[in-house]
Every structure is written in C-alpha cells, then in structure tokens.
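Both complexes below contain chain A, partnered by chain B and then by chain C.
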Partner chain A sequence: MLRTLGRYFNLFFITLFILVGLSFVLAFFFPGDPIFNLTGRPLEQLPETPYTQALADERWLVAFWFYIQSLLDGSWGISTISGLDLFDEVSTLLPATIELSAYATIIALFVGIPLGFWCGLKHHRKTDYTFMSISMLMSSFPIFWLSLLLILIVSLQLGWLPMSGRLSLLYDIPHYSGFILLDIYMSDHPYRQEAFVDALRHMILPTLSVAFLATAVFLRTTRRAVVDVLEKDYIAAAQTRGIPFWKIFLRHIMRNALLAVLPLLAVQVSTLVTNVMIVETITEWPGLGDWLIQAIYERDYTAIRIGMLVVSIVVVLVTLLIECLSKVFDPTQEQFS
Partner chain B sequence: MILLDIRNLTLEIESNGVLVKALDKVSLSICEKEIRALVGESGSGKSLIVLAISGALPPQWIITADRLTWRGQNLLKMNTSERQKIMRRDIAVIFQDPKAALDPSVKLGEQFRESIPDELINVRWWWQRRSEKNQIALAQLTRVGIKDVKKCLNSYVHELPDDVCQKFMIAMALVSQPTLLIADDPTRGMETSTKRQILSLCKSLNHNSDLSILFVSHDLLAISSIAHSITVLYSGQTVEDGPLESVRRKPFHPYSKALMDSAPSFRPELHPKSPLTALKGTIPTLQHLPIGCRLGPRCPRAQKACVNTPVPRTIHKRQYRCHFPLHIEAEENTVDNNEGENL
Partner chain C sequence: MRNVRFAFILCTFAIIGCSEQRSASTIQSGIIYCSESSPSSFNPQLDTSSTTVDASAHQLYDRLLEIDPTSGKPLPGLASSWRVSRDGLTYSFQLRPNITFHTTDYFTPTRTLNVDDVIFSFARWVEPSHPYHQVNGGRYPYFDSLNLRENITHIEKVNHLRFTIRLRQPDASFITHLATDFSVILSAEYAQSLIQRGEPERIDHYPIGTGPYKLSYYRKNQYIRYIPHTQYWGELIHSGPLIFDITPQSSLRLAKLMTGECDSIAYPSQAEINYLEGRDDISLDQATGMNVGFWAFNTSKAPFDNVLVREALASAIDKTTIINAVYFDSATRSRSLIPPNSWAFSVDTPETEYNPVRARELLAQAGYHNGFSMSLWALPVVRSYNPDAIRMAELIRGYLAEVGITVDIVTSEWDNFRAGLDRGEHDSVLIGWSADNGDPDNFYRPLLSCDGIQSGTNRAMFCNLEYDKIIQEALLTTNIDQRKALYLQANLLIAEQIPLIPIAHANRYKVFRKGLRGVMINPYGGMRFGEMHKVPSVKDK
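Let's turn to the complex of A and B:
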C-alpha cells in the first residue's frame, strides 16, 4: 500500500518535471524572443535578479533552475497582451473550471452509473438496447454543436435560462474562493438568495452539455463492466449456493463492477477537460479553457505556456489520483505493486 | 432411491443466429450413496450439465428435458426461491477452477459466512451470529484439512495456492450438509499428493456421511479409484452408462473403448514404448456438429446408419447409444432396439 502510494508520488513528480521542462522549451519554439516569451517583458524592463542575469547570459540550464523556482513561488510572468499577472489570473479562473467539471462529473456519475448497472443486468433485452442506442447517440453528439443547440433552443427561443456568463452583472459578489456558489454563500450581499438562484440558472446549460457526453461514456463503461462480471464463474458459483440474486448483486456484482469501472474513468479525464474547455468558450464561462483559447487567438505566448502547464498538471494529477485510488481499493491489484 | 434423475436433457444455445444443441438428449441419474463419474473430453459439455442442474445457466439458453427431477420434484417447473432452497440445502457444487469460482474482491471469510444457511445458526442475537458463523467456518475448514485456517479466512483468493482454494470450496460446499455433491473436475491441474488428498476426502465423505457425489472429470485414474458407476459423454451426447467395472472391462460404445484405451494405466498388458491408441481428429466445435451420432466422422465402426441418432438401449443395467456396439451380437442389438423403443 505505502509502496503503491510512493510509486505514484514518484510518477507524479517525474511527469511534473517533464511538463515544466516542456513549458520552458516551448518559449524557444514560439516566435519572438525566448526571454520575452518566458516573462512577458523585454529584457531591459526586467528587474535585476539572478534569474534575469542567467537569462541575459544565455546560461539556459541555470535559467531553468531559476524558472522552476519562479514557478514555485508564484511569479509566473505577465500576459503579453493584457499585462496582468498570470498567477492571479489563473487562480481566479481555475476554480470556475473545476466547479463546472466537478458538477458535470457528479451528474454524469449519478445518472450514468446506475443506468449502466440497470442495462448491464438487463443486457440483450429491450431496455438495454434502448439505452445503448440513446447513449450511442449521446456520445456521438459533437459537444460544441450540442452546446450551441441548447443555447439556441433553451435560451434564445424559449428564454428559460441565461445564455452565457456565470452570474448576472447585477450581483457584485466579492471574490473569495473562486467557487461561485461558495462565494455567494459566504458573502453578506443583501440579495444573496437571488444571486444564488441566478448562479444556478447560469450553471445549468454548460453543466448539462458537459454531463451529456460524460453520462453516455459512464453508462457504456459501467454496462460493459457489469456484463463482464455477470459472466464470471464466481457469480454462477454464488447462484449454485442458492444465494438470492439481490444479495449476489450487492455483495459481488456491484463491488467488482465498480472496481473495474474506476480505472477506466481515469482515461476519461482528459476528454472531460477538453469538453469543458470547448463549452466554456461557447457559453463564455469565465474559466481556464475560455481564457486559454482566447490567449491562443491573441498569440499571448506567456499565457499559452502557463495555461498548457496548468491544464496538463490538473489532468495528470486527477488521472493519477483515480488510478491510485483504484489500486488502493482493489485488493487484487495489490499484488502487482 | 434415485436422488437426481435426468432424462433427455437438451440445451440449445444461440450461436450466430442459429440454435445449436450443446447438449443433446443427455440422460443421467444418481442414486443415494452413489459416486457417479461423468466422463468426457474438454468441450463435451460436462460443465454445462453441472450448470443446468444447478440452475446457473444464462436465461437466454433454452433447456428442455423429459425429466429433471430432484427426489421426484421437477426442477424445471419450480419457482426461483424453491430452487434456491434446494441448492442451498441439498445440492452443493464445487467448480473446476476454484480461483475463478471465488469472488476476487471479497475476503474468503466473508464468502464462507455468506454460504452458511440460516437454519444452522441457533443463537439469539444478531451480534452473536458472526462469531457463531466463524466457529462453523473454523470447524469446517479444519475438517477438510486446511492448516492455517485463520490466515485462510483473512485472505483474498489470489493470496492462496490452488489446493487450499479447492479445499476451501469443498468446505464451503459441505457446510450446508448437502445430500449430493457435484464436483466439477475438482482435481484439475493439481499435483498428485493434493489430488490424492481430495479424492480420499470425497471417498470418506461418501463412506461416513452417505454423501452422493457426481464426479465430473476426465481423469480416468481418479475416477477408477472412487466411482461406482460411470456415464460417458461425447460432444453433448451420453454415449454409455453403467457400473464402472463392467464398462471398463467391456465397453460397448466405440468411444468408451477409445477412452479407456487412451489411459495407459488401464492397460497392464501394454508394452513399453508401444504407441497409444487414439481416435483420429478432435471433438467437433459447437458450430460444426455432425448429424446423427456425433462420433460418426471419427468412429472406426461407423456405417451408413450412423447419420441417424441411435436410441438408447439397455442391457444388464447398462445403457448405450450405438448402432454397431462392441461385444454385442447384431441380433441382440436389434432385439434391444425394440425394447428401447418400447421404453
């Protein structure tokens, strides 16, 4: 167990190191001056520090060492377009993205996995075929189109929900944690209740578009896992022991199927992040994805570098975390560690 | 008294849209205190028979039988809970691969406690049940000869060797004090000393507790050491059935003869380095089953009539299904034929 954790810790740090190195090298691949790409300022305007000294002398390995230090202490440089500090930018934007993906994932988990179990137990029957066809349709929807379609129908034609943004401009909620629902709850705004409802109304469309695809994927994965478990010898063996089916389901089928689903979910993390970024752009959700795509449009190289680094670190962290969890929970996995 | 009586059990499986008879009119019966061996190659449908008896077949497979009864009660007409009750108390099954037949994610102790019938526990309060169940588990596991019982109960399947898992399966099967034990190839892939232990365990259970055993295997040596009677299965058809000794001495069906000849230990007259006899070819796959007698294409005695499925014929407590049997005169065969049809 400790060894498993240690191994994952190692893996995380090595990956992190490679990513940081990559982001450093990226500054040389982008057009323009590498120093400008790294810091957002030309060399003459930089304060006199060992870091800038190393950059000026083109001692790149030393500069890389100082680059790692600067990343750790939060001086990530400034945006070449807006001139804003990148660390502040990212720390206000990242919670919005995490919020959106977390809610979408929770919805997808609570809808997709129970439905997957149901389909798995009824496999090769009408309910199964119906849900499989629906999920096939769902997973083959292009997400940008789905998001546009929802805005078109629900916001523009029916006028039920706001079409973009995170909160109406009427409510001025002070920035506290970055998670909007939590911020509203913590604030002492006179229209707190209304602001909360408004935030929820803004959240529905983007969350549903992301959850739509994730639900389909979770449903299919869970169904496959349940069907696989049902074909195992130990289920037949439990049946021959005369144990009622609901007990077999609770004790053997559910546990083994979920253990099989967990590592497969890790693979889905990067897809989820991509989808969140696309939906953020379309619904103008003020998150990291929207910001990063804007930076790409504007050739804001410092922002692209930091955005790529942050997004990839989040993906790696979550993926490794899920894999690690599945190793810890699954007693049969321990033997390989 | 006949415990389990199977007559003309047919199992149809859909394969690529076509119904295939995986089992074709299998007949089998087990009497009280009898050890019956069910012999056949891999792929002949032995395990399917076990699953059909225990009711663990996938629901989309079609089972039909003239008779499938347990002490006279029709198992096919029964509802699920009645069937579960019989499986829980009267019939116990051990599987050929103990590691696959135990849940990998649940500790063995919990699996054992789960298989103890409620009737066996007579304590007043629910918090006493767990320790009571543990007591039963300890006693049972010691009885089958597991050495480190505590460790076994606290382990997962993958942490234990195969033979311990198999003994654990046997202990789990016996805890409900069954009348019939169905052992599906319990000695597969085991070394000789473990095999002997398990066989002698079965034998002593049969001797001391009057347990009937359906011993499914292709290990003729193991069978000859414990079984009273034998049923030979080929490609989903029962080809011969009778007391072990007489089948061994005079097999009627060419397949039984080939089977007996394939075991060198059954033939003391065999000279060193003499070639082993075997039928040409392999057992047909489900997709390419021959019509009539399924041994037809491989049978050395096959003739034109073999494209029709032979009816079972009975002679001296023995049953066989063959048009041209060994050791029986042709006239005798036809006489029996009429008798078979009258049955």
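Let's turn to the complex of A and C:
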C-alpha cells in the first residue's frame, strides 16, 4: 500500500518535472525573445535578482533552477497582452473550471453509472438496446454543436435560461474561494438569494453540455463492466447456491464492476478537461479554457505557457489520483508486490 | 437560524431551478451595456477611440459645456455661463458652485470643484513641462491633432469659480472643442495626492471625476462596473449600477440582447438590425451619423508615396459593390471626408471611377508592371463607419488581385492594432472617423494634417503643407461661405493626391430593450448613461 503510494508520488514528481522542463523549453520555441516569453517583460525592466542575472548571462540550467523556484513561490510572470499577474489570473480562473468540471462529473456519475448498471443487468434486452443507442448518439454528438444547440433552443428561442457567464454582472459578489455558489453563500450581499438562483440558472446549460457526453461514456463503461462480471464463474456459482439476486448484486456484481470502471475513468479526465474548455469558450464561462483560448488568439506566450502547464498538471494530478485510488481499492491488483 | 432558513430556500430554488423569475427588485434596475472592447484607459484626453470615450467621457466626467444634440449649439455644463470678448481672443467662464468629486475606495475628496481643477485639466495637455504631461504616454490625440496647444496663450484664475482663457488667434471652433467628449475636467486634488504617493500613472486608470457614475471595478476583457455618484450635481434618474459587459463578438452581443443579459449593445451590424426590427421587446433608433469610413494608404512608405500607385489602387476597386456588400442600405456613399448633412459638404468634389484597365496602366507607369504585394490592415472591431472591415478587406483583396497586386490582410486585438498603426507598420488600413463635434474642421484636421501623424489620427501619414495652409485659413474666419470654399479646395487636393479613399458615411443605430428609457442618439460622440434609466419589469417570457 505504502509502496504503491510511493510509486505514484514518484511518478507524479517525475511527470511534473518533465512538464515544467517542457514549459521552460517552450519559451525558446515561441517566436521572440525567450526571456520576454518567460517573464512577460523585457530584460531591462526586470528587477535585479539571481534569476534575471542567470537569464541575462544565458546560464540556462541555473535559470531553470530559479524558474522552478519562481513557479513554486507564485511569481509566474505577467501576461504580455494585459499586463496582469498570471498567478492571480489563474487562481481566479481555475476554481471556475474546476467548479464546472466537478458539477458535470457529479451529474454524469449519478446518471451514467446507475443507468449503466441497469443496462448491464438487462443486457441484450429492449431497455439495454434503447439506452445503448441513445448513449451512442450522445457520445457521437460534437460538444461545441450540442452547446450551441442548447443555447439556441433554451436561451434564444425559449428564453428560459441565460446563455453566457456564470452570474449576472449586476450581482457584485466578492471573491473568496472562486467557487461561485460558495462565494455567494459566504457573502453578505443584500440580494444573495437572488444571486444564488441566478448562478444556478447560469450553471445549467454549460453543466448539461459537459455532462451529456460524460454520462454516455460512464453509462457505456459501466454496462460493459457489469456484463463482464455477470459472465464470471463466481456469479454462476453463487446463483447455483441459491443466494438471492440482490445479495449477489450488492456483494459481487456492484463491487467488481465499479473496480473495473474506476481505471477507465482516469482515461476520461483529459477528454473531460478538453470538453470543459470548449464549453467555457462557447458559454463565456470565465474559466481557464476561455482565457487560454483568448491567449492563443492574441499570441500571449507567457499566458499560453502557464495555462498549458496548469492544465496539464491538473490532468496529470487527477489521472494519477484516480489510478492510485483504483490500485488501492482493488485487491486483485498486485499493489503489495 | 438564518443560515438554516437560507439553506432551505436554496434547496427549494435548486429544486424549482430554472422556473419563474421572482418579482422585480432594485438590483434589476441596473443597466448592462454590452460594449465591444476594453478601454485603454479611463481618460478620453488620452484616446479618441470610441471604446475609451464610451467608457469614460459621459459616465465619469463632466465638461465645461455641452453640445445641444439637436441644434449643435453649446449649453452650460460645469460652467454656468461664459463670455467671448469682441476680438474673439478671450473667453471668460463662471463655474457652478458645490460640485462634488467621486468618493471611492482609493480617494476621498476634501473640497468641491474649483478653478484649480479646470486649470489642471487644461495644463496637463497644454504645458509640456507640466508634471502630468508625460504621464501615461504624454499624447493627447484630439488636442494635438487640432494643434490647440499652440493657440492657447494662458489660462488665468480670476477667483475660485471664475477664470479666463486667452487665445493667440481667433478660432471659430474653439467653444465646440470645450464641449467635446475629450475636454473632461479631472480633480487637481487627486492628482496632487497621487504625486505625493509617487504613483501619478493611476490617475487615468483609477479615475476621479464629477460625472453621474463612479468606477467600482474593472477587469480587462471582462467587465466594468460603475456605481451611481449619489451627490451628482445634475439630475440622477437611475439608482442602480451600470455594467459594461465587454463582448467583442458582435453575434454574441446580439444574442445577449435577445436573452435580456444586456439592455443595450454596441454597434449592431446591419443584418442584425434587420433581424431585430420585428421583435416587440427591442427598440431601434437610427439617425445619420457624423462619420466616415475610409481606406488610408501609408503615404510615408514606398510604393504608396507615389501618387500614381495610389490612384491605381483607387481605380482598381468598385466602391458601389463594396458599400452594398458591407453596409447594405445603412450608409451614404462618400465623395469627401464630410457627410452630406454637414454645411461644408459640396457636390462638386470629383471621385475616382472604377476602372481596372486604367489601374493597370497607372501601375505600369509607376514602374510596377508585375504588381507588388501589400498589407491591408482591417480594423478588428465593429464601428458604425465600418461594420465589417474584414469582409471589406476580402473584397478589396479580390479587386486588387485582378490588377496583379497581392494583398495580405492583417488584423489583431484592438489595442495592438492601434499600437501597430501608431508605429506606422501598415501599408494601408481600413478605418474611419466619428466626429466629436459638428465642425468640419473636426474631419479635415485630425485625419490629414501633419500634426495628425504625431497624435495618431492621420493614418495615411499624409503631410502636405498646402493642405495644412487651407484648413488653417478656414479656421480664421467665421464667414460660412468663405469656409465652405476653402473646404472645397481641400476636397480637390484630396481628390488629386488620394492619401485615402473615403468609402461611406454610415447611419448610427441604437438598439436597446424596451425597459430602458432616456436613450438618445447624439450625433456627436459617446454613450450617455447618466440620462438613462431602466423601468423594472417582470422578465418577459
């Protein structure tokens, strides 16, 4: 157990190191002066520090060491276009992205997995076929199209929900955690109840767009796992012993199927993040994706570098976490060897 | 206990989710305006772009005088009365008493408006030695392009509410300059305190003025939040916040207007206007605009310094087709810089005809038998004078390909775009001009005079001494017929030299939701939210 954790810890740090290295090298590949790409300022305007000294002398390895230090203490440089501090920018934007991903994942889990179980138990019957065809349709839907379609119908035609942003700008909610519902709950805004409803209304469309695809994937993965488990000998053995089906389901099918689902979810993390970024751009959700795409448009290299680094670290972290969890929970894996 | 009840209410709301909107509240009386871009600062003295002007001039500040939008005559503003001496050289003003500046998180004023504030606001751009002159760039495009600085000899304080301005020579348009969006009055006390704190550059980014709104929060490329200035000297009808939701995409602004996320939007395109016409929740106003959209050549660069090449380019494009494709029915074809509704307009101005054969001949004469390649900068934002510069650029590229010229269309984010133009990196640019006051001088001088190059309004980088002489003469007299004749001379010179090709004068539109009241189309300059208010209504379903 400890060794598994240790192994993942090592893996995480090695990946992190490579990512940081890549982000450093990226500054040399982008057009323009690498020092400008790293800090957002020309050399003459930088304060005199060992880091800038190393950059000026082109001692790149030493500079890389200081670069890691600067990443750790939050001095990530400034955006070349807006001149804003990148650490501040990312720390206000990242929670919004995490929030959207989290809600979408929760919806997808709570809809996709039970449905998957149901389809798996009823496999090769009408319900199964119906849901499988629906989920096929759902997972083949391009997400940007779905998002636009929802906006077109629900916002523009029916006028039920707002189409962009995460809270009407009229509500002046101070920024504490970056998670909008939490911030509204903690604020003493005179209209916080209205603000809360407004935030929920803003959340529905983007969350549904992201959850739509994820639900289909969860449904199909779970169903496959359940069908696999059902074909196992120990299920047949339990059935011949006359154990009631609900007992077999709770003790054998559910646990074994979920163990098979968990590692597959890890694969889905990067897809989820990509989808969230697309939806953010379409619905103007003020998260990292919307910001990063803007930075790419404007060729804001410092912002692109940091944005890519942060997104990849989040993906690596979550993926490894899920994989690690599935190793820890799954007795069939040889984690003690 | 309160939190428990709150949590309960939240749960109920979470369950009913998107159902009925609750009854209207005061927060809903806030106005949201979907603007097109981020302002470069909150001081219109520094920037003539309408993005900056809309976000600052009439929201945060006041001027000594205002222009009556119907008659074009000056009205009292911060100055309650004024007098012009008989020789036209001395202007005396009397300020209104008890006008308060904004109190914000970053500044608390201790006194009301007096002459020191007016002198500071003028001295900043008039005196190059003024401590604030160089702060944030040291360029005052409107005043520099008109060369107003040279004409002001001194500003004298008579008492704390009375002062005089002396001019070197009479200027028929001086009083209208004081009423433009750019002649705002800043706080001298605030400027002083910033100098003491050693951060004078904050003056244009954390503004203090006397206007109907004060700045509460600004997040670049996201939004600007203003709150009402409760001690405003004029009538303040609106009690809620004012929000600029910065939405660069035109279609997105339209969509937000339809869903009610914006109460009004900047620069709707013609296609969008046709679409909105049938809707009963949206109002539409239009009027002829004091503007011109044009294609300017960088005359400081080869081969555009050659008049033959410029004429060739002018005869290579078919203006009629371009106007139909870009403006639909919402613009008048231009013959000269000024629109037909100006008194200085004359129908005798010649125009270059569309004639690709002649264009090729001219190019051959200039020595470009095989054509050449050039960059065409297309303005990245929608402006009333050019609703779709990129489309226009594509059409022009098509026409120029026929005469053997390869065109590379360049566009970038608005701030960068203008910075590139200021550095003169363009070969040619599709841009335009909206007048700040009704005087024709406001077209002729900034757009093509030598001083306009420095101030970044003369995108053709055109400097012709004869031209400068003509427009200077036109200011020295108040006789309309004489001035008109001089502006015709200027037109002839432009038609011969072709530093730019005027394309069209677009109509101005205001599009807003029915609940918004007090919207007026002002032919001169920016949005005025101080005059607007919102009738709270249950959201229309």
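Worth pointing out:
The rule is short, and it goes like this: the second predicted complex is superposed on the first by the 333 of 337 C-alpha atoms of A that agree within 3 Å, B and C clash if a C-alpha of one lies under 4 Å from a C-alpha of the other, contacts with A are read in each partner's own complex, and residues count from 1 in each chain.
Basically, contacts are C-beta pairs under 8 Å (C-beta built on N, C-alpha and C of every residue); 3 or more make two chains touch, one makes a residue touch a chain.
Keep in mind that this is a model prediction, so the values were computed, not measured.
Once chain A is used to superpose the two complexes, chain B occupies space next to chain C without a clash. Of the two partner chains placed by superposition, only chain C is touched by A:I204; chain B is not.
Contact with chain B, but none with chain C, is seen for A:R251 once the two complexes are overlaid on the shared chain. Comparing chain B with chain C, more residues of chain A are touched by C. By the document's definition of touching, of the two partners only chain B reaches A:G242; chain C does not.
In the superposed pair of complexes, A:I81 makes contact with chain C only, with no contact to chain B.
Using the contact criterion defined above for the overlaid structures, shared-chain residue A:P286 touches chain C, although it does not reach chain B. Legend: residue contacts after superposition of the two complexes on their common chain; A:Y191 is shown touching chain C, with no touch to chain B.
By the touch criterion defined above, A:M163 reaches chain C but does not reach chain B. When the two structures are aligned on the shared chain, A:H124 is found in touch with chain B, with no touch to chain C. Closest C-alpha contact of chain B with chain C, superposed model: 38 Å. Across the two superposed structures, the residue set of chain A contacted by chain B and also by chain C is empty.
Those residues of chain B lying in contact with chain A across their complex are 51, 54-56, 60, 80-81, 83-89, 91-93, 95, 97, 100-106, 110, 114-115, 156, 158-159, 172, 176. Contacts from chain A toward chain C in the complex involve residues 81-82, 84, 151, 155-156, 159-165, 168-172, 185, 190-194, 196-197, 200-201, 204, 284, 286, 294, 297-298. Chain contact summary for the complex, chain A toward chain B: residues 124, 232-234, 236-245, 247, 251-252, 255-256, 259, 330-332, 335.
Listed in rising order, the residues of chain C touching chain A in the complex are 6, 9-10, 13-14, 17-18, 22, 25, 27-28, 30, 32, 216-217, 220-223, 225, 240-241, 243, 245, 247, 252, 255-256, 258-261, 412-413, 415-416, 540-541.
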